[in-house]
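One structure, as structure tokens, below. Some questions next.
Going by the order they are written in, the chains are A, B, C, D and E; count residues from 1 in each one.
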Amino acid sequence: DRTEAPIDEQGRVRLRFATDWRAQAEHGGFYQALATGAYEKRGLNVQIVQGGPGVNVPQLLATGSVELGMGSNSFIPLNLVAEGAPVKAVAAFFQKDPQVLIAHPDEALTGIADLAGRPFLLADASITAFWVWLKAKYGFTDDQVRKYTFNPAPFIADERAVQQGYLTSEPYSIEQAAGFEPRVFLLADEGYPSYATMVLAPNAFARDNAAALRSFIAASAEGWRDYIHGDASAADALIRRDNPDMTQDVLTQAREKLRVNGIVDGGDAALYGLGAMTNERWQAFFDVTAQAGVYPPNLNWRDAFTTQYLPGRG
Amino acid sequence: MTRALPPLLLTAVLLIVWEIACRALAVPSYFLPPPSAVAEALVERAPVLAASAAQTFRMAFQALLLAGSLGGGLAVLVSLSRRAERAVAPLAVTLQVTPVVAIAPLVLIWVGLDNADLAVVILAAAVAFFPLFSGVLTGLKSADPDLERLFDLYGATPLQRLWRLRIPSALPFVLEGLRVAVGLAVIGAVVAEFVSGSGATQGLAWRLLEAGNRLRTAELLAALVWLAVMGLALNAAVAAVEGWVRRRSGLGAR
Amino acid sequence: MTRALPPLLLTAVLLIVWEIACRALAVPSYFLPPPSAVAEALVERAPVLAASAAQTFRMAFQALLLAGSLGGGLAVLVSLSRRAERAVAPLAVTLQVTPVVAIAPLVLIWVGLDNADLAVVILAAAVAFFPLFSGVLTGLKSADPDLERLFDLYGATPLQRLWRLRIPSALPFVLEGLRVAVGLAVIGAVVAEFVSGSGATQGLAWRLLEAGNRLRTAELLAALVWLAVMGLALNAAVAAVEGWVRRRSGLGAR
Amino acid sequence: MADTAAALSHVCVHFPGKALGPIDLAVAAGEIVTLVGASGAGKSTTLRLLAGLERPSQGTLTRAAGPGRTGFVFQSPTLMPWADAAANVALPLELSGLARDAARQRAVQALADVGLGDRSDARPNQLSGGMAMRVSLARALVTAPDLLLLDEPFAALDSVTRRRLIEDIHRLWAARAAPPAIVFVTHDVEEAVYLAHRVVVLSSASGRVTADLPCPGLLPRPDGWRTEADYRAAVEAVAGALEAAMGEAR
Amino acid sequence: MADTAAALSHVCVHFPGKALGPIDLAVAAGEIVTLVGASGAGKSTTLRLLAGLERPSQGTLTRAAGPGRTGFVFQSPTLMPWADAAANVALPLELSGLARDAARQRAVQALADVGLGDRSDARPNQLSGGMAMRVSLARALVTAPDLLLLDEPFAALDSVTRRRLIEDIHRLWAARAAPPAIVFVTHDVEEAVYLAHRVVVLSSASGRVTADLPCPGLLPRPDGWRTEADYRAAVEAVAGALEAAMGEAR
């Protein structure tokens, strides 16, 4: 049976898009597309559903609670494949995962390898994600793990502590509050091959609404380009309406970091356009994680994504 | 007035000690801000916090009503049969030890993402359920055995026995269950919002999370102050009901 | 044997309904697996789950002891003076409505990152504290007023009154508080592990989040089964204590 | 002989550390019996057995009164502490289906009959010991039951009130077309004889019936009956049987 | 006159819906007094006032007995349900500092004195009404107090046990170098006269003292004293005063 997206009174296709957290700069492109009418002019009626710690995007997709969802990292589509869930990544707007490790300032620290033996403050979701890659690459062990509840105070209190963060978020708030500039290691710069801020779509939905999906990706790409390089004020206003705890200075510095580090338009995006994914990156990611024992070696990792809805394809 | 004096006095003493300790030890404010900073945050963020608190309170209250009617109702039902009690009690214990975070996604999907508030209420009710269920059940079984015999003698129906003997006898235990449940409903509303609140819910949970994330600890504590006020208000309400029950049952004030 | 029959029967019925529903509606197993899949996961992952359950049980039990000694002790202390009670009760309510996740960072800082297990026990004890405190306090005030008068008459010291009158009278309420607290200690240990645990002691929370993140829902439910077993075991222990107390106090079995 | 209102045949009760019986006791319809015996002989237990409130370990109970047709006064008042005197007395009426208001009205009347017309709004904890017992008595009488089982109903009452209540009960008994069967427990030997058609004496060792003595004369007692010779003789006989029953224990 | 053991002067108690007093009553050291009056007259309240268990709304209480030197029997047994008979009786001894074993030993002896030597291990809910009351009496007597306040201690007892206990109490009273003051409440007029040096009658309307009648003869009573003429006369006098006091209420 077919799964057509609902149509609203104005004849636009209704799409609900579930993000992975409360509105923030990391969702800026989508908000920008909403604010500038990029979705609307393609005949889409997009509603952004904010996520949170308990919002399980894959489950929402699997049950049809939303049409599209955000995938935070490359583990998520692979997990879906491993469990036989018919959901795929259809675009990746962050070429580099902005995941960082944060340490106290220390001249002697030359790289992530020097962090061996230290306590790592990690959020629940990270333990089955990039921590697996860190363990495999640097030989860290689970007993180093402490829980990060999105409050950096325990990190600040302990000189030896290392905590996870988003490039755009924690380094700034730690600096603001504690008054020191922490050491920040962008995992992507150390070869962490995960994509981030992916668009996930159920297979049946993608098949039956290919045009709308292409429009969504194209409009989002336009939104991201505008957000990084153009006037972001309209998107910022929408973000702050959805998330009153967000402040403008946080948004501004976050956008700056996205731009400077080429998170959105670096890597393959420079070549193939925003949202691009490549077989090679996916294979590299799968190889690393399968070697670490996360996935069976015979997993059909190619089912985790498709590039056929990206602009200029199909 | 004098009733309120001891808690106010103790609170004042604790606050002063805290303030002095913060200043003397120069504790950085993102670890533990002095009470004065919390007070400042309370004033500054008053409108936002009050609105969030109202939202949380509403959900906690609805959860309490839900938990009370389900927990109390189920307890009353199973109290009519030893078998039913034995069958249901393990399920109630199971519900009690099930972490909200584990069932939140299921509930969220079940009620639909557009009804995140309802999901919060249901989850908070699950948290507050057990003390009410258990309190009512224990209470219903605590009637004076000689009065039970009297009801046997007069051939009371199970419903008459329930209504005229067991429920009045149960009140002390029900009130104790309620006292525990009001706190759990409040905390349940916060936790449920943490785990199931999509952006749509605007209760105190997000204030806490964001404040913590941004290391605005004074604001975090200000949100906790609102939670405490809420808990105390509900507790005072229970105490008022208790006073009324005691007067009504002629047990006199304690 | 016949005592265990009703719960087993009801559980069996529910499981069968669930199994049939899953098969008939072809629910994807990452969403809601049938009981047979959960059973499989229970068997397959038995050693890992059992080890994690043992960790969680240990921490829950320590938390219960801590909460019992602090909550019970404090309740006994403040029961000696109405003023002290009025001063302390609001603080107990405040502790009850404080979300674990909000104070976890402070506790973690306080005990140090190397003692994450201690933080878990402390936080779980904070969760289980209130029903014990409140139950003991309510119980201590529930003594027969005529017996209180008798103790007045014989010039009993506060300690004698406490030991020989109020504590024995308090037992039904203490047991009710304990019944609620055992569940809260278990759930508190899980929640606390979520927010402050370490990878060194991988309790059931670790299993839950691993299974949840990987979408292995059957394994997640298997972990919940272990939690339920733990809750039921502790509950049975409370029931055993209750039976002993009833026999001892000559109230007979109910 | 008339129909049996209630009968215990060969009934034994085993308590931890104490066994009572076998008890054989039959009460005919419309008959008044008093039960006397030492403290701990088994009078209250016998009464509870007759009411069906205690399950015999052995033997059988026969009872004619239908459900709700038995009135009982426990040895201690056993009132609902949350209800006022009238609500306590109204309970059996309401349980049998009478409307609240009508029940309360009859309860207030029943309270007036035991001298508590002005205390119908008082809670049990506001009543004196004797008052509470009278509320309990009013509750047992208010349904005009077919079988009345009264465990020391007058023990906490002054002699004047006591005598008045006895006359009232006798009058009520005589006024009914089918008079109820009544079993009293009392420690007052004169009262035992005055009250009943016969006095049953329980052995303090085993709770068995050791004597079953008829009382002379008609009920209700005529004025001045207490001075008659056969009354005095009956009192002497009961006192003697009682002392014999108590001696048996030692 | 001897020292005062306890005295109420102009004491009033206001209950919701009922006011008692003013009561004036003095009990001398070593004196035995009985308190009689209608049900609800205020006997139990007066006793609780003398013990200091009820706070007067007005007036003053004087009491000579130090803390722990008063024995009290409530109108209902008031035992600790979780403790066996001996532990209940041992309570006042332990509260006054006696070691557990010694206290229990004396408690078992006190139980034997009230005829319950074989029930010292029974819990209150395993005792009959009269047995529980005797446990309560043993608890009041076990400390050999200076002031004994006994609220209808014999109401639930058969006449034989009752008479034996009265003799025992009289004997104990006489045996002490400084005999205790005792206040009894009873509904039995003959017992009231037999027990005491004087009988105090309370008005059923107000709880005030309406009569204070001396009893003839010496305590303990000699054998056969009940047949003496002045005993019968005193009983008549008390009965008359009581009826007068009750009439006042109507």
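We adopt the following convention: a contact is a pair of C-beta atoms (placed from the backbone, for glycine too) under 8 Å apart; a residue touches a chain by one contact, two chains touch by 3 or more.
Bear in mind that the values here come from a model prediction, so they are computed numbers and not experimental data.
Identification of common neighbours of subunit B and subunit E yields C, D.
Identification of common neighbours of subunit B and subunit D yields an empty set.
Among all pairs of chains, B-C has the largest number of C-beta pairs in contact. Separation between the centroids of subunit C and subunit E, computed from CA atoms only, is 50 Å. Spacing of subunit D relative to subunit E, judged by their CA centroids, is 27 angstrom. Between subunit A and subunit E the centroid-to-centroid distance comes to 86 Å (mean Cα coordinates, whole Å). With centres defined as mean CA coordinates, subunit B is found 37 Å away from subunit A. Shown for subunit A are the residues that touch two or more other chains, namely 56, 59, 63, 149, 151, 153, 157. Within subunit E, contacts with two or more other chains are made by residues 76, 126.
Shown for subunit C are the residues that touch two or more other chains, namely 31, 101, 105-106, 109, 194, 212. In this structure, the chains touch in the following pairs: A-B, A-C, B-C, B-D, C-E, D-E. Within the complex formed with subunit D, the subunit B residues making contact are 144, 146-147, 149-156, 160, 164-165, 168, 171, 248-252.
Across the interface of their complex, subunit E is touched by residues 15-18, 36-40, 43-44, 75-76, 115, 121-122, 126-131, 134, 151-152, 155-162, 187-189, 239, 242-243, 246 of subunit D. By the touch criterion given at the top, residues 56, 58-59, 62-63, 75, 79-80, 82-85, 119, 121, 124-125, 127-129, 141-147, 149, 151, 153-154, 157-158, 160-161 of subunit A touch subunit C in their complex. Within the complex formed with subunit B, the residues of subunit A that make contact are 16, 18, 22-23, 49-56, 59-60, 63, 65-66, 149-153, 156-157, 169-170, 173-174, 176-178, 242-245, 250.
Note for the complex: subunit E touches subunit C at residues 48, 51-53, 67-68, 70, 72, 74, 76, 78, 80-83, 91-92, 94-96, 123-126.
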